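The same chain A turns up in both complexes below, where it pairs with chain B and then with chain C.
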Partner chain A sequence: MKFSIVKDFLVAQYKIIRGNRFGMFGAVILLFFGVIALLAPYIAPYELWESLRDSSGKLAILRHPSLEFPLGTTAMGRDLLSQLILATRTTVLIGLTSGLVSILIGANIGLLSGYYGGKLDEVFMRFTDIVYGMPFLPFLIVLISLFGRNIWFVIIAICCIIWRTSARVIRAQVMSIRQRQYIQAAKARGCSNFRIIYGHIMPNILPLLLLYTAFNIAWSVLAEAGASFLGFSDPNNITWGGMLYNLWISGKIRTAWWWFATPSICIILLVSALVFISRAYEEVANPRLKQR
Partner chain B sequence: MNHTLDVKNLKTHYSSEEGKVKAVDGVSFAIGENQVFGLAGESGCGKSTLIRTIMRLIPKSAKVTAERLLFKEHDLLRVSDKFFREKILWQGISLVPQSAMNALNPVYRVGDQCTEAILAHTNVSKAKAVETVVKMFDAVGLQSGLMKAYPHEFSGGMRQRAMLAMSLVLSPELVVMDEPTTGLDVLVQERILRNLKEIRKNTKTSAAILLITHDISVIAGMSDRIGIMYAGKLMETADSMELFNEPYHPYTLGLKNAFPSIKALDRELISIPGSPPNLTHNIPGCLFYERCPFSIDVCRYEKPEEMEVLPNHFVQCHRTEHVMEFRKLAGEKKTWQFSK
Partner chain C sequence: MQEFIIRRIIYTVFTIFAVATILFCIFRIMPGDPTAQVISPALDEASQARLKEAFGLDKPLYIQYGLYLKGLVTLEWGRSFTTSKPVFEILKYRFWNTVFLMGAAMSFTLILGTALGMIMAWKRGGPLDVSATVSALVLQSAPPFVTGILFLMILSYKLDFFPTGGMNTPGERLPGGIAMLFNTDFLHHLVLPAVTTAFYYLATPMLIMRDSMLEVTGSDYIELAQAKGLSPRTVMIKHAARNALLPVFTVSSVLIGFALGGQVIVEQVFSWPGMGLLMVEAASAHDYPVAQATFLLLATLIIVLNLLADITYCYLDPRISVSGGKQ
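Up next is the complex of A and B:
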C-alpha cells in the first residue's frame, strides 16, 4: 500500500518531466551526474592528489588532453579527469544536502506561517526579513574563520541563507489555499492542524515545493562554486569550484584552457539541468506559462 | 423527549472596526432525536454563523456565550478542543458544507477522502472502512467504482452526493446541512433530498438533521420543525405544518408570499421591501420594525419577548393578538407597499 503511493508519486513526476522536452534533457543530465557521483571512487582512473609520470618517466605537468590523460593534467601533474569525477561527488553532495535542507526549513516556515498567521507569522516573517539582510559570502567567511575550512560549514552557510525565498513564496501560496472550502471542510471533519497542514495543504502546493527544491539545489551548486573559487572550501574535498581555484593560484589561467573548460562546463550543465527541470514544474504550478 | 441538540440563548458577537456585530443574538431551539429541524432566512441573517458557532469553526476572536449548549450529554461550552475535534466532530456532528461542490480536496481521490474520515476517528481496519464507504456511496446512488475518481471528474451533483455520503460514514447523531442544494438544478436537488429521506428510512441509526437554507420549499418538504431566522434572532419556531398553516410573525407571512405556490400559479409574488438591518447598529426595538407593515410605536422602542402562542410554537412579536387580521392583509400587494 505504502509502496503504491510512492510509485504513484514517481510516475506523476515522470509524467511532468516527460511532458517537457527541456525537462527531459535536464533529467538525463541530472541522472548522468548522479551516476558519476555514486560511482566516483570506482571509475576515477588515478588517485586524487597523485603526481603522475608519463611512460618516459617524466613528471606529467600541464599536459593537453590525450589518450593517456583524457582531460589533461594540472600544474602539479595531477589527472584532471579523476579530479572532475571526484569533484562531481562532492558538488552533488553539497548541492543536494543544502538544497534539500533549505527547502525543508523554508517549506515548514512557510507552511506554519501561512497557516497560523497572527503572531507566529509575524515572528517568522520578521526573522525572514533579517535573513534577507544577510549577505552570503561575508557570512561564510565569518563561519570559516571561526571554525575552519570544512565542507559542512559551506553547507550550513548555504542552508542558513537560501531558505528565505522559498519560505516567502510558500507562505503566500498557503495563505490562499487555507481559505479554500475544502480546508474548511477538513476542519469540520475534525482534522487536527497537523493533518490539515501536512495532509491537505502540502499536497496542494507540491509542484511549487518541487520547483523551489530544484531552484535551491541549483543555487547551492552555484554558491558553492563561487565560494570554492574564492578559496573558502575544504581543501581535502575537491569540488568543481575548487578545481578552478587551484587553476587560479597556479597562475596558469591564461594558458591551461583544458583545466578551465571542463569544471566550468559541468557547473553550467548541472545548474541548467536543474533550471530546466524546475521549468517543467513551473508549468504545473502556473499553467499559463504553457500557452506561450 | 431527549434532545440531540439543545441551544438556549446562544450569542455570537464579532468585534469589528464599526463596533460589535451581533451575528447571532440570543437563539434558542432544540432538536429532538431523529428530527429534521429546518432553519430558514435571508442571506446574512446568521444561519451559517449559528452552525459554525456550534461546530467551533468561527475565528477565536468571536465572542460566544450561551445559557445552554448541549449536544446529547456533552456540554459544548465546556469540552476541550481536542475532545471536541476527536470525539464530537464527524462522529457526533457532521457537516455537509455550503457549496459542497468545492468541499473536496482536489488532490485526493474521493473514496480516499471518505476513508480518511473513518480512519482518523475510529480504530477500524482499512478494509472495513472502505466497505463502509462503498455502502454509503451505494446509498447515495454513486457507483463504488467512482471512489477511485478525483473530485474534478465529478459533476456538481455527484460531488454533493459524495459529500452527503462522507457526512454519513460514521453514522453521526446530528447532520448539519448548510444549504445542501444551493447551485444545483431542481432535478438533482430533488434526487438528493429523496436520497436523504431514503437513507433516513433505510439505515437503522437515523440521525437528526439541522437543515439550513434560504429555500422555503426545500425546508417545507423536509422538516418536522422550522425556525425562521432574521437578523441573528429566531423570529418564529414551530412544527412545520403549523408554521405554514398558522404563521404568526409578519416576517413569516412575508416569506410565504415571496415563494410561488403550485396551488395558485397565477398568484403574484410579493416581496418584502427593504433589506435586513445593519447588525452593528444598536436597535432598541424589534429588528423587523423597518420592514414590517403592521408595526406600531411600541415595536420601535421595545424588544419583543419570545412567547409561546400555541403549544410549542414560539414567536417574537408584540402584536400576535392581531394575527388573524395580518394573515388576511398579508396576501394583498398594497399591504407591503409602504415607506417609513
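Up next is the complex of A and C:
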C-alpha cells in the first residue's frame, strides 16, 4: 500500500519531467552531477592539494589541458580535474542539504501561516519581512567570518535566509486553498488541523513545493559559490566557487582560461539544470503558462 | 490609504530595529571574546581595559545594547580597527558609490527586461521568445563573478575596450557629488559592473513582464481596443503594456533588495569601492565595527526601498490599501 503511493508519486514526477524538453535536460545533468558527487573519492585521479610533477620531474605549474592533465593544472601544480570532481561532491552536499532544510522551514512557515492566519500569521510574516531585509551575501560573510570557515556554518547561514521566498509564496497559495470546499468538508468531518494541513493541503501544493525545492537548491549553490569566491569557505574542502577564488588570488586570471572555464561551466550547468526543472514544475503548478 | 502608509512606516521602523538587534546578538554570541568587535585585540592589556570602560563594555549586556542603539541613531558607529577612521566617514562615500552602481544596473535591467518581455509576449512562440527565455535562464544561472570575469577577459584584457576595475583611471580625479555622474571616465568604468549586474537579474523582470502581458491580452478592454481598429502596436504598447507593468513593479523592489545583497561580488570583481567591497575587506580583516555598520546600512537601504515601493504601489493600485494590505 505505502509502496504503491511512493511508486505513483515517482511515476508522476517522471511524467512531469519527461513531458518537458528542458526539464529532461535538467534531469540528465542533475543525474550526472549526482553520480560524480557520489563516486568522487574513487574517480578523482589525484589528491586535492597534491602538487604534481610531470614525467620529466618538473613541477606541473599552470599546464594547459593535455593528455596527462585533462583539465590542466593550477598555479600550485594541482590537478584541476581532481579538484573539479571533489568540488562537485562538496557543492552538491552543501546545495542539497541547505536546499532541503530551507524548503522544510519555508514550507512549514508558509503552511502554518496561511492556514491559521490571525496572530500567528502576523508574527511569521513580520519575521519573514525581517529576513527579507537582510542582505544575503553580507549575512553569509559576517556569519562565516564570525563563527569559522566550516561547511556546516555555511549551510546554516544559507538556511537562515533562503527559506523566505518559499514561505511567502506557499503562504499565499495555502490561503487560497483554505477557502475551498473540500477543506471545509474535512473540517466539518472533524479532521484535526494537523491532518488538514499535511494530509489535504500539502498534497495540493506539491508542484509548488517541488518547484521551490529546486529553486532553493539552485540559490544555495549560487550563494555558496559566491561566498567561496569571496574567500569565505571551508579551507579543507574545495568547491567550484573556491576553485575560482584560488584563480582570482593567484592573479593568473589573464592567462589561465582553462582554470576559469570548467568550474564556471559546472556552476552554470548545475544551476540551470535546477532552474529548468523548476520551470517544468511551474507549468504544472500554473497550467496557464503551458497553454500559451 | 493614509492608515495603510502609516502602518507600513511603523513596520519598517520595527524591521530595521529587529535587524539591528539580531546583528547585536550575532556579534555577542560569536565564539571568543565578544569585546574584540569594538576593541582591537592587537592593543596591549592596559589600553584594552581603558577602551572597554570608554565603550561601556564592562557594563551588563542590556546597557551595552542601549548604548549600541544610541550609537546607531546618533551616527557614532565607532572607528575602524585597520585605519582608525570613524566608520561613518568611511561609509559616507562607499554608500553613494554602491547606490550609483545599483541605480544604473537596475534601471538597465528593468527597462531592457520589460521591453524584451513585451516583445516576447507579442511574438509568442517565435524565435525571439524561445531564445530570450533560454538565454535569460542561463544568465540567471551564471553567478556574477563568472559573467564579470568573462567580460574582463574578453572586453578588457583582450580587446581593451573597458578598464579592468575601479571607478576612475589612476591619477585622474573624479569630481564629487552629482557632477561625478556626468564624468566620462566614471561612466566608462561603470559600464562593465552595471551590465554584469543587469544581466544576472534580467530574467525576472523579463519573464514576469511576458507572463503578465499574456494575462492582460486576454482581457476585454484589449479586445475592445482591437475591435476599435487600433494598430497592434498601439494596442500592445499603450493598452496592454501599461497595465502589465504592475507585477513587474511589485517584483522590482524585492529584486533590488536581492541585488543589493549580491552586490558584494560585482564590487569585488571590478574593485568598485562601494559598500560590498568594504564588507569583504572588513570581514576578512576582522574589522568588526566597519562590517557591522556596513551590514546595517545595506539592510536599512533594502528595507526603506521596500517601503517606498509599497507606498508607490498603493498609489498605482488603490485596491491594495482598501483590502487592508498585501495578501
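Assume the second predicted complex is superposed on the first by the 292 of 292 C-alpha atoms of A that agree within 3 Å, B and C clash if a C-alpha of one lies under 4 Å from a C-alpha of the other, contacts with A are read in each partner's own complex, and residues count from 1 in each chain.
The working rule: a contact is a pair of C-beta atoms (placed from the backbone, for glycine too) under 8 Å apart; a residue touches a chain by one contact, two chains touch by 3 or more.
In this text the structure is predicted, and so the values were computed from the model without any measurement.
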(message) What does the overlay on chain A give for chain B and chain C, a clash or a fit?
(response) fit
(request) Name the contact category of A:4: first (chain B only), second (chain C only), both, or neither. (result) neither
(message) After the superposition on chain A, what is the angle at the C-alpha centre of chain A formed with the C-alpha centres of chain B and chain C, rounded to the nearest 10 degrees?
(response) 90
(request) In the overlay, answer first, second, both or neither for which of chain B and chain C A:188 touches. (result) first
(message) With both structures fitted on chain A, tell me whether chain B or chain C touches more of chain A's residues.
(response) C
(request) Applying the touch criterion given at the start, work out whether A:200 contacts chain B, chain C, both or neither, answering first, second, both or neither. (result) first
(request) Using the touch definition from the top, say if A:180 reaches chain B (first), chain C (second), both or neither. (result) first
(message) For A:55, using the defined touch cut-off, is the partner it touches chain B, chain C, both, or neither? Pick first, second, both or neither.
(response) neither
(request) Note down the smallest distance between any C-alpha of chain B and any C-alpha of chain C in the overlay, whole angstrom. (result) 15
(request) Share the list of chain A residues that count as touching for chain B in one structure and for chain C in the other. (result) none
(request) Write out the stretch or stretches of chain B touching chain A in their complex. (result) 55, 57, 85-86, 88-91, 94-95, 97-100, 102-108, 116-117, 120-121, 126, 163, 166
(request) Provide the residue numbers of chain A that touch chain C in the complex, in ascending order. (result) 22, 126, 129-130, 132-139, 141-143, 145-148, 172, 175, 218, 222, 225-226, 229-232, 241, 244, 248, 253-254, 257, 260, 264, 267-268, 271-272, 274-276, 279, 288-289, 292
(message) Going by the contact rule set out above, which residues of chain C touch chain A in the complex?
(response) 11, 14-16, 18-19, 22, 26-27, 30-31, 124-125, 134, 137-138, 140-146, 149-150, 152-153, 157, 211, 214-215, 254, 257-258, 260-265, 268, 276, 279-280, 283-284, 286, 291-292, 294-295, 298-299, 302-303, 306, 327
(request) Going by the contact rule at the top, pick out the chain A residues touching chain B in the complex. (result) 1, 180-182, 184-192, 195, 199-200, 203-204, 206
